[in-house]
Each structure stands twice: as C-alpha cells, then as structure tokens.
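Structure incoming, see below.
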Amino acid sequence: MFGIGLVQGLYTTAKRFFMKKVTQRYPEVLPDLAPRSKGSFAFDADACISCCLCSDACPNGVIKVDYSVGEDKRRRLELYRMNLGYCLFCGLCVEACPKSAIVFKTDFDLACFRKDDNLFAWKGPLPRPAAAVQAPAAADAEAVPVAPSGGSPTAAGGGS
Amino acid sequence: MRDAALIAEALGPELGGGVGLEADSSARELSVAGRDLATVLSGLKSLGGFVLLDIDAVDRPEGFDLSYRFLDRGGEGPVAVLTVKVRADRGRPLLPSVMHIWKSADVLEREVWDLMGVVFEGRTGLTRILCRDDFVGHPLRKDFALERPDRFPEAAESEGGRA
Amino acid sequence: MGTLNDLFLTLASAIRGLLALWGFPPLLAAAVVDIADFVLVAALVTVNIIVIVWLDRRVAAFFQERLGPNRVGPFGLLQSVNDAVKLLGKESIIPVAADRKLYKAAPLMIFTVTVLLYGFLPYGKGMAPVDPDLSLLFFIALSSMTTIAILMAGWGSNSKYSLLGGMRTVAQVISYEIPMAFSMLGVVMLSGSLNLGAITEAQRGVWYIFLQPLAFVIFLISSLAELARSPFDMTEAEQELVAGYHTEYTGMRFALFFMAEYGNLFGVAALGATLFLGGWQGPFLPGYVWFLGKSWLLVLVILWLRWTFPRARLDQMMKFNWKFLIPLSILNILLTGVGIKLYQYFTAVGR
Amino acid sequence: MSDSTTVEQEDALETQEYTLNLGPQHPSTHGVYRARLRLNGETIVSCESIIGYLHRGMEKLAESRTYAQFAPYTSRFDYLAGALNSWGYALAMEKLGGIEVPERAEYLRVIVGELQRIASHLVMVSSMVIDLNAVTAWMYAFTAREGILDLLEEVTGSRMNLNYIVAGGVTEDLPEGFTARAEKTLDELKSRLDDFDRLVSGNEIFLGRTRGIGVIGRDLALEYGMTGPNIRASGERLDLRKDAPYSVYPRFDFEVPLLSGGDSFDRYYIRLLEIHESVKLVRQALGAAPAGPVRAKVPRVWKPAPGEAYAQCESARGIQGYHLVSDGSVKPYRMHLCSPSFVNIGVLPVISPGLTIQDFVSTLASMDIVLGEIDR
C-alpha cells in the first residue's frame, strides 16, 4: 500500500531494462528448433509404396496420392500432393506411413503469397518414358515443390 | 459421490407417486420420463450437493436422448458425474425447462435447442446461441442435410481451388 | 563555448543586421526573424516527435526484454519516418455519419496547439521564440486547448467509443489542470515571475526540484493525466474504448493526433525541466543542449512510468485528484509561503 | 439551499441509456465474444452476451471423422490448453473402448498436461494485465510462456495444437536430456514470474481495478455451474485432480490453491498460485516417471462396441466433459464437449449490471474465456 507496489514495479522494470534481451534477430539468426519440430514435410518418393494409408489417415483430406498399377501388379506413384493450406500438422500421416516415406522436417518457412503456392507436391516422371529408360527426375528423392500453372518458383513445399 | 439408486430412493418420498424414475447404479444414471423431469431435477436441487454442468442431446431414431450431467459432490468418496437421462419425442421434441431450478441450464438449453431442436417449455429467451440468428435447421440432427448448395453459396464457388 | 552557446542569438542578430543593411524597415526584419524562428520551432517539433516516438518504442522494448525497432536506419532511428510516410499514403476515411467540419478540424487544431506550445519554451538564455511576460500562463492556457480539440474529435466522429473517450478527456484534463497549476504556483512564488526565462534565471543557484520536491511530484502526476499518458490514458484506453477519441481516424489525420500526443509529451517535459530542473542552466555545454537533455530525461521518466503501470480507473483517478492531489498542492503552496516568509525573516535577522 | 433540493435536481437530470456493442471485434473480448451493453454513462445497466462467432460445427465434424482423426481437432477447442482438451477426449475414447494406458504414458501426460496448464495460465494472467494496460508485465508472462512452449515443442513437435495425448497413451517419448532442460526452463519461469508478481500483484492501481470488482459469490458460482480456477477463487475447492483423481495425480504431492474473495483479483491471483503448483507437479513427474512403453496398441481401424462414454478432466478453465456415443462403426455417432468457458460465461450478465466499462473489461478478462471452446 501507499505506493510501495508502484515503487516495486518501477524497480522491476528498471532491472529488466538492463538485462539481456530475448529477441532473436530472425533472418540473420535462425531459430534453434527441436529436431521433432513439425515445420514441413519431407517426402521420399522411392520409399513410397502408394498404399494410401496417409491419405486415409488424414483428417482433412490434405493428401492426394495418384498411382498406376503396372503389369507386375505393383503400384507406381504418379503424383503425391499435399495441400498444406488445410494441413493441421497433426502427424497422423507420418504415423500411418509404414515405410517412413513421409516425415516431418524442421523447415518452417511456409509463408507464401498465393493460396495455390501452399501445395507440396511430388510429380512422377511426365510424360511417361519407356520402361527401360529411367527418367532422371525420378532419382530426385527429395520432394520438390511443384508450382501449379504459373506459380512462383519459391513455392512453399520444401526449404528451397 | 452417492449411489444412484440411493439418490432415487431419497427422491422418492418428495416426488410422490407416479414418477417414472429408474436408477442404474453402475452407470450412475437416473432415467426419467419427460413430464417428471422438472420434479426430479428440483428434487436433486433440494437434496443438495449437485452442480449442473452440461446438457447434451443425442439424436437417435427412437427420439432425442438428453443427458443432464450433474457433478455429485455429496456423500463419501470422490466427486462423480450423475446423469439424468430423459427422452424427447422425435416428432415433437418438447421438454420442460429447468432454468428456474438450475440457473446454468439457461445457456445449456439454448445450445440444445439451437443445435438439436429440442424445445424447452416454460422459459423465455430460447434463442439461437451458436448458429446465427437466421440459420435454418438444427445442425446436429442426423437428418440435417450437410450438402445444401444454397446454404453457403460462396463456399461452393471456391470449392474448385480445393485439392 | 560562448559562441556556441549564443549561436542562435548571434544568427538572429546577424539576420537582423543584414536586413537592416539591405534597407528593410525594422518591423519587416523582425517579421523575417520571427518566420525563421517559426521554421526552426516547427523543425524541432517534427524532429522531436520522430525521436520521441522512436525513443518510446525503443525504451518500451528494453523494459520488455525486447530490442524494439532496429531495422530502418541506424538503431532503427528512421522507423518513425517510415511510419509517418506509410500513414501519409493511407486512405483517409471519413465516417458517413460524422460531423465533417468538426471531424476535419480536430486533428489540425490539436497539432497547431502543440506547435504553438513550443514557441514559449526558453531553449537557452533569451532564446524563447515568443517571450511574453506571462509565458507560463500562456503555456497552461494553450495546453488546455487540446481538450477542446479532443472533444471535437470525440463528438465529430459520431461513434460511441469516440464520444466516451472525448468525455473522459474533458473530465480528466479539467480536473488535473488544478493541481498542475497549483504545483507551478510554488515555483512562481519562489521565482516571483510568470516568465519561463525568468524562472530559469532564478534557478541559477539551486534547482527548484530541491526546494519544491512535493510540487515536482504533483506536477509529474498531473502532467501524466494532462497528457493522457498511462497510467491515466483513459481517453484512448485501447482495451476499453478501442482507441478512444481517435477510433474513427485514419491516415494522416490519425498521424496528427499521434504526433500531437508525442509533441505534447515533450512540451510538458520541457516545461517540467524549465520549472524544476533549471532549464538551460548547466556547465560546459551550450544551454540548449542542457535544455533538450533535461527535457528528454523527463520524457524518459514519463515513459518509464508508462511502461510500468496499468491503467487507473476513471472514478478512482478523479477521487485521487480531488481528495488527495488538490489538497496536497494547496498544502504545498501554504508550506512554500511559510517557507518564504521564514527565509525572509531569517535573512533579515541574519543581516 | 437544502439537501433535498440537490437530490431533486439530480433526479431531474435527464440521462439517456444507450447500447454499446462491445465486440465481436474489440481489443479486450479475447477473440470474438460480444457483449451487448445497455449503458447509462459509463455504468452498465444490463448486459447480454452473444456468442457463436467462432462456431465451427466441431461436434458435427466429429461425426464425419474416425475417432483417431478427430483427436487433432480437440486441441482446437481450447487452443490455449490444447493438450488438456486432447486428454479429455483420450479419456473418453479409453473409457469407450476399454483401453489400458501404460504407466509411463500417464506420467508423460501429467508432464505435458501441466506444462500446458502453466502456458494457459500464463496467457490468462498476461491477458488480464494487458487488458489493464500493463504492457510490460504482459511481455514478461509471454516470454515465460515462450520457454514452456519450447519445451512442448521439444516433446511433441508443435507449440500449441499438440495432438500429443492420444487414446492409449502419448505419441512419443520424451527426448534425450529433456529433464535437465525442463528444470532450467522452470527455474527461468520462476524468476520471470516473481518479477511479474512484483510488478503487478502489489500494484495499487491494479488492486484498485480488480479488488472487489465483479464479485462472484460461492453460491452464485455453484448455481451457475462454474468450475475451475474461477470457482476456486470464489472459495469452493473443486478440482477433479483431487476430487475425482484420474491418471496418476494421486501419487503426487500438490495443493489446490483456494481463495475466497471471488473478485477479479482473486481470479487472477489463483492462476499465479496454480502455476507454482503445476511446476511442482511437473518436477515430481519428471523425477518419478518409470521406464516403459508410452502407447498401448490401438488397432488402426478402431471400432468400439456400441455404447457411450462420458469422461471428465480438469482443464485449465475448469471441468470439461467429453461425451462419445458409438454405434459400432469407425466414426463416432455423436461427440459432445461440455466446455468450462461456455458454462462460466453464463454468469457474466448477472454480475455486470452496476459495473463500469472499465470494470467489465477487467471482469471479463478475469473469467478467462476461450472462444474456441465456447463456440466449438
């Protein structure tokens, strides 16, 4: 009472005035994220067996898996697309994947200018070459953000 | 926590005859008929130690099952939930309001009316609470049509952009 | 040091001499010097506001363990310029139901008052741009004009939040003017003058903060209320009234209110420095540097208070004023009077 | 002039009541709450609370998701205490399907749940003081919360909407070296909280704004079904962690703070006290957690037997209950959430007449409502 609380408050703020600041200077100093941070997704197309468990597990219908069935009855991945604008980052797809083809990574810069840029997509080799010729794009295991028609090249999929 | 059967027994003399009151001790439930609801709930009030926390309704083919959840703080042992179950008619869902007995029933009854369309008699201000005022229908009913193009015309337009 | 101290005075007399040499009539020459004064004052107002807005944000950040604006310019100094330019480019919206004349006039009026306030301050020895004998009185009278401008804004916006803010201002500022003026009376009694320059001169020996500590505290508290700064910022009370009297203002009109607020902050701090901290008096450095330094120090104190305290409640604040602050300020006058008489008696006896 | 004439003159002063819509877009309605106030000057004559602006139809949504798929949504109810919401849902699922939870998972639930409670209470105290314009204190509490969120991120990968507590346990075990880092963060939290306390709790202006304002008596609170810290500030010790112990809470040594004023200050202060208790709980759980699995096996396609389950837990805002009805399919037949904020807010129109706008703001802040939970 009688202003003691006020003086205590003034003392506290004055003390904190001279203490170390907590601000991170973001673009220069990147945050030190925990390894488990659910920043965005990494997709391993080689490991994917097109089983669609992830898209079935997803609560929001974010994931779209297109595949074709070859003569050997094996599924071939054609298109793997996640509409991250609807993603809850709940991790049910990562949990569901039997081959760990889709995992979280800590790259978090998903902000983009247009709604369409929020896609995270892996596209199979198109147009389909003859079975003997392996297209080089298929070797690219890291998912690359594929911009839809006219999308910006800095689309949000990976940490490009 | 008090035994549900004992509560029903304790309520018995106060309510007089003609009250349909069934007790299920293991599930801690009392089942009453709609016409006796107010009597039973005011009986609970006079027993003391109860707090009305929640009213929720389930739409079943045979009618709307309403559960009045009370926190039972009397008796020995831990606090537990006592549920009073009552069924409202599917065609003409009408129940007595208990707002004058339990003040917290005000918002809860409004919610049930808004989402489930159960009408509570004998109270004022039974208006929409979560849905907007000009909303048509009661969304938690099973026969509520989810896909109605006229409900959200703007959403239907932008649907094309969705994956 | 002498030349540096009298830099502006020398300049003024040089201009006068030059104009006289060119055959200007003295009246016209005086007018030219006045215009030069005005330009300087206006520049000071603008620069000051930019610096103080920056200081406010920066100091606030430091109290809150943040860094504050640090991107635009060195140490983020140009952040306020950036913001001002941004606000200039914003759409200026006038609500349909607003009283257009009042709505448009209010920001102009409040900013004009702010600029005028700066005209009476003694920046150095003989350096008050306008120097009437009653400059303190002028200062107080002018500063209460802001109330009218705020009420105009509150009424003219035709919004309930604005109106509430405006009404709060009237109640608050008018009440707190009394202890503020009373606290100054002690100083006036000691110095025997209502002229700000003369009051500064009178503090050659000892600053009045040491003779009038009570008056200084009262002055500080009531000036916070007068400025509608936290903890007495009921007039714009973001959490209650959205933005108070300037809720409906956008773009540059809003910026004028904003700038006037910070301009007044410096104005009142400068008044406090003049009345209690010896104004431009000080060794080694030129007078105007001392003056600005002391004023900014007071600004810092006000910011410190602002970023520490929550907002008071209107009725409690009024109660505090009428039942505590005003009696205290009257007591201070009494004590000062008794003190002066005792001093006179003892010096007479000593002689 | 006699006294009676003055009174007559006051009566003759004609004032006009007017309506002020406080919200849904307003800085201090904590989201999209709207209060339609009838005011006489600045004094409230009557208040009507209008909600539903954040209604997302979650209960309907649940009927078109599988049980597991709906779990991530539960943390979006009370987005400030997401883990505690998921906990309630997990309890209901476990009750419905008779799932046993491994012991270590229970400890991890307590750790994450109490960290979440700390984070939530920190938001409450800080939003309370910022509604009273103590901006610096707000920053201190939010900086402290940042440390807690970092801990949560380390465990779960997310900061707010965790989806960590799921039916059958938790999704992941604690990372390496978590205990030491948690202890360090909790020490830092204590130093920040002490500063916060010194800055705010004794401040005369703050006391003037909150002491004796918006008093909710014990009986009124019970009548309106209030739960959580709000009712504990009104002098009623009601905390499911003690009164109907679930999980491993009985094994820990902690107090349930109790204040009896029922005013805004007590509702604020009890949160500070509870933060300290939660810190104690986290430390104990970190020390006592046994080794073992963290998640029971729940089949991928989980079809509980037809029936219903009602489970309650103590969320940061009070008692929340989840009602799950199964018809034997993979999707719930009906999901209902009894949210504490929704019930707590019901008392506001009763206590607000006579308050000023300023009091109303501090009272509303002290009720600690979360619109995500009210509107669902």
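The chains carry the letters A, B, C and D, assigned in the order they are written, with residues numbered from 1 in each.
Heads up, the rule we're going with is that a residue touches a chain if its C-beta (ideal position, glycine included) is under 8 Å from a C-beta of that chain, and two chains touch if they have at least 3 such contacts.
Small disclaimer: the values here were computed from a predicted structure and weren't measured.
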{"item": "Longest centre-to-centre distance from chain A, chain (CA-based)", "value": "C"}
{"item": "B-D or A-C - the one linked by more C-beta pairs in contact", "value": "B-D"}
{"item": "Gap in Å, rounded to a whole number, between the CA centres of chain B and chain A", "value": "43"}
{"item": "Centroid distance [mean C-alpha coordinates] between chain C and chain B, Å", "value": "62"}
{"item": "Length of the line joining the C-alpha centres of chain A and chain C, rounded to whole Å", "value": "53"}
{"item": "Mean-CA-position distance for chain D and chain B (Å)", "value": "24"}
{"item": "Shared-contact residues (touching 2 or more other chains) in chain A", "value": "6, 9, 12-13, 16, 22"}
{"item": "In chain C, residues with contacts to at least two other chains", "value": "63-66, 307-309"}
{"item": "Junction residues of chain B, two or more chains touched", "value": "none"}
{"item": "Residue ranges of chain A touching chain D (in the complex, touch as defined)", "value": "1-6, 8-9, 11-13, 15-16, 22, 33-38, 57-59, 88-92, 95-96, 104"}
{"item": "Residues of chain C that touch chain A when the two form their complex", "value": "59, 61-67, 304-305, 307-309"}
{"item": "Sites on chain D touched by chain C in the complex", "value": "18, 20, 26-28, 42, 129-137, 139-140, 143, 199-200, 203, 205-206, 208-209, 356-359, 361"}
{"item": "For the chain C and chain D complex, residues of the former touching the latter", "value": "60, 63-66, 160-161, 164, 230-231, 233-234, 237-242, 307-316"}
{"item": "Chain A - residues contacting chain C, complex", "value": "6, 9-10, 12-14, 16-17, 19-23, 25"}
